[in-house]
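Data first, discussion second: the structure below is written as structure tokens.
As written, the chains take the letters A, B, C, D and E, and residue 1 is the first residue of each chain.
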Amino acid sequence: MNGWTVAATATLAAGVGAAAWGVATGPLRRRVVAQNLSTSLACPALLLLSEGYDRPSYVDLALLLALLGPVGTLVFARLLAEDLAADPPRAWGLTYAVAGFGGVVVIAVCVAAGPGRALVKLLVVGALLIGGNLTASRALSGGFAGSRRG
Amino acid sequence: MSVFPYLVAVWVFLVGCYGLVTSRNLIHAVGCLAVCQSSTYVLLLAVGYRDGATAPVFSDLKPGSRPVVDPVVQALALTDVVVGATVTAVLLALVLQISKLHGTVDPDELSELRG
Amino acid sequence: MDDPLIVVALVLVAVSATAAVAVRDPARQALVLAVLGTVLAVLFTVLQAPDVALSQLAVGSALTPLLIMLSVRKVRRPQRKKEADR
Amino acid sequence: MTRRTRLFVAALGGTGLAVLLVAACFCLPRFGGAQHPYGDRVVRASLARHTANTIASVNFDQRAFDTLGEMSILFASVLGTVVLLRQTRDEHRAAPEPEQVAVPVRRFALLVLPVAVVTGLYVIAHGQLSPGGGFQGGVVLATALHLLYLGVDYRALERIRPVGFYEIADALAASAYLVLGLAGLVAGTAFLANFLPYGTFNTLSSGGTVPLLNAAIGMEVACAVVVLLARFLDQAVEIEKGGEK
Amino acid sequence: MNRRTTLLGVAEVLAWWAVLALLWLVFISAVNTLELVVGASAALVGAFAAWGTRRAVSGW
């Protein structure tokens, strides 16, 4: 094990573990937030693993999760809009904290990668991760205002 | 440690089966079946793992420089993940038909209907 | 070598699979299944199977939840109409 | 059989199964052991055929016939869903109402859709080099298209998604896989044999037929998932019970 | 469809194509001719997808 995999282990145990607990218990508004945060915590963990195993090709995993994780949250935001409108989630502090953590991880991995094409790819992943996370949170708290059916 | 991953696969499979048996909603039962499916992936990949090895993908790795894990089981699991999702879709389509015909998705109510 | 990492990922899979079965409402179960998909993808990465992890990410993060949630909506709708008629 | 007796029988069977499975676990090869005879041979064969991603080599070259089976399951399940979820005579279509989506969410969906399409194509095209391939990339492509439903509304998706076209493309991709297999026979080798030159290791043209079969599977999976989701969306959004209108 | 909208449409597709081709260049690890050809066509598909969706949506 090296520093990167230790950091990934900590992220998984504390972050994703907490998200798994949050998604299984409590009111619906907490569950959807936990689902969103689980993807935005697993994505930095995958970046850390890619660096820890010294396999640049594993970055594709983080790229795909950064792209599709928010899409998954949009599914719930869209199809549970009526339930969520009655009791909207309010967890912006937590969301910004997780987005900040993602940013820190991306910067750390970028520094380790050094200048080059891989650096730009990591920055794209970071932008998708943070932008997607914040947009998905926005969608959860009243993103589908006029939803009846459709 | 040498059997723990296999035991986790067994646990996931049994828990999925328990959910299938006790389910009161067919959509929930299909979800439990997806859990059962995922146990097979865990088992396959655990069998193929090798200590200290890395993935047998040589686009960023010099062949022979590091030990690699077993690719055969990965190929088996990989196709089944996607095909399994489409099979889940067929089962959900069946559930939708049942719900249309009988107006319920509770298996207990359905068996009463037939009797 | 990376034993703690593998153990953590395995425990996460076991916990979220149990939760996916224990949560009885299909819509909420879909949320847990989405998390289970992500956790499984992490486990596959840890077991050095990035191809399978990609598959699991692509399917588990958006496709399966979408299928289940659409079925839930279809099954629920006649009931909702009945309540409106009442 | 009452619920109680059924649960009792299930508990009995489950306990027996659990005991057997746990006993079997202790007879399996040790987790992380170094003995992988098939794996070592597969890696050697894959490197001899200039395919960087061994898993793609197994799926589309060494065990391509197996993938043909998987593909037929995929095709059959799409067929089954289409038959099960067709519109019956006592149902009618109600036009979906327009959706009001928050502006940032809408912009995010419109911006990410093309990026996701290109990523899906990247994953398919680099299947024989880096992790990825037709199965994964196809799902990404199909998911990308449905961002339009999630982020905008269903009518926008219907405008750019002629389902008939995707059904035809699905069948074409499935037959492309078969034709590529038959081409092996024409070239004088076996069905689904790798008859093309292997090319330079670690480039897009390496691996002989692997990239072509990969692309066929990618198209097949993408179209299959689009058709599946189209049926489910029709049911959930448009089709309603009752013959009026 | 008059000339102005045609020109605007072409400009939009070209702009998306440039951005997506750049994205492809970022994703790949080694550049060669075939890679560039495949990347350019993939970016074109993406650009048409972007153009088609924007037309279907009518409004940003």
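Here are a few things to note about the model shown:
Here is the rule we use: a contact is a pair of C-beta atoms (placed from the backbone, for glycine too) under 8 Å apart; a residue touches a chain by one contact, two chains touch by 3 or more.
Computed from a predicted model, the values in this text were never measured in an experiment.
The minimum number of touch steps linking chain C to chain E comes to 2. Note on connectivity: the fewest steps through touching chains from chain B to chain C is 1.
More contacting C-beta pairs link the chains of D-E than the other of the two pairs D-E and C-D. Greatest centre-to-centre distance from chain E is found for B, with centres as Cα means.
Look at where the CA atoms of chain B average out and do the same for chain E: the two points lie 38 Å apart. Chain B and chain D have Cα centroids lying 15 Å from one another.
Rounded to whole angstrom, the centroid-to-centroid distance between chain A and chain D, based on C-alpha atoms, equals 24 Å. Under the contact definition stated at the top, the residues of chain A that touch 2 or more other chains are 53, 55-58, 60-61, 63-64, 68, 71, 75, 149. Annotation for chain B: residues touching 2 or more other chains are 1, 4-5, 18, 46, 48-49, 51, 54-55, 57, 59-60, 68-69, 74-75, 78, 81-82, 85, 89, 92, 96.
Multi-chain contact residues of chain C, defined as those touching 2 or more other chains: 1-2, 22, 30, 48, 50-51, 53-55, 57-59, 62-63, 66-67, 70-74, 77-78. Chain pairs recorded as touching, per the definition above, are A-B, A-C, A-D, A-E, B-C, B-D, C-D, D-E. For chain B in complex with chain C, the residues that touch the partner chain are 1, 4-5, 8, 11-12, 15-16, 18-19, 23-25, 27-28, 30-32, 34-35, 38-39, 41-42, 45-46, 48-49, 51-55, 57, 68-69, 74-75, 77-78, 81-82, 84-85, 88-89, 92, 95-96, 99, 103, 105. Looking at the complex, you find that chain B touches chain D at residues 1-7, 10, 13-14, 17-18, 21-22, 46-51, 55-60, 63, 67-72, 74-75, 78-83, 85-87, 89-90, 92-94, 96-97, 100, 108.
Residue ranges of chain B in contact with chain A, taken from their complex: 54-55, 57, 59-61. Against chain A, in their complex, chain E makes its touches with residues 23, 25-29. Interface residues of chain C, counted against chain D in their complex, comprise 50-51, 53-55, 57-59, 62-63, 66-67, 70-71, 73-74, 77-78.
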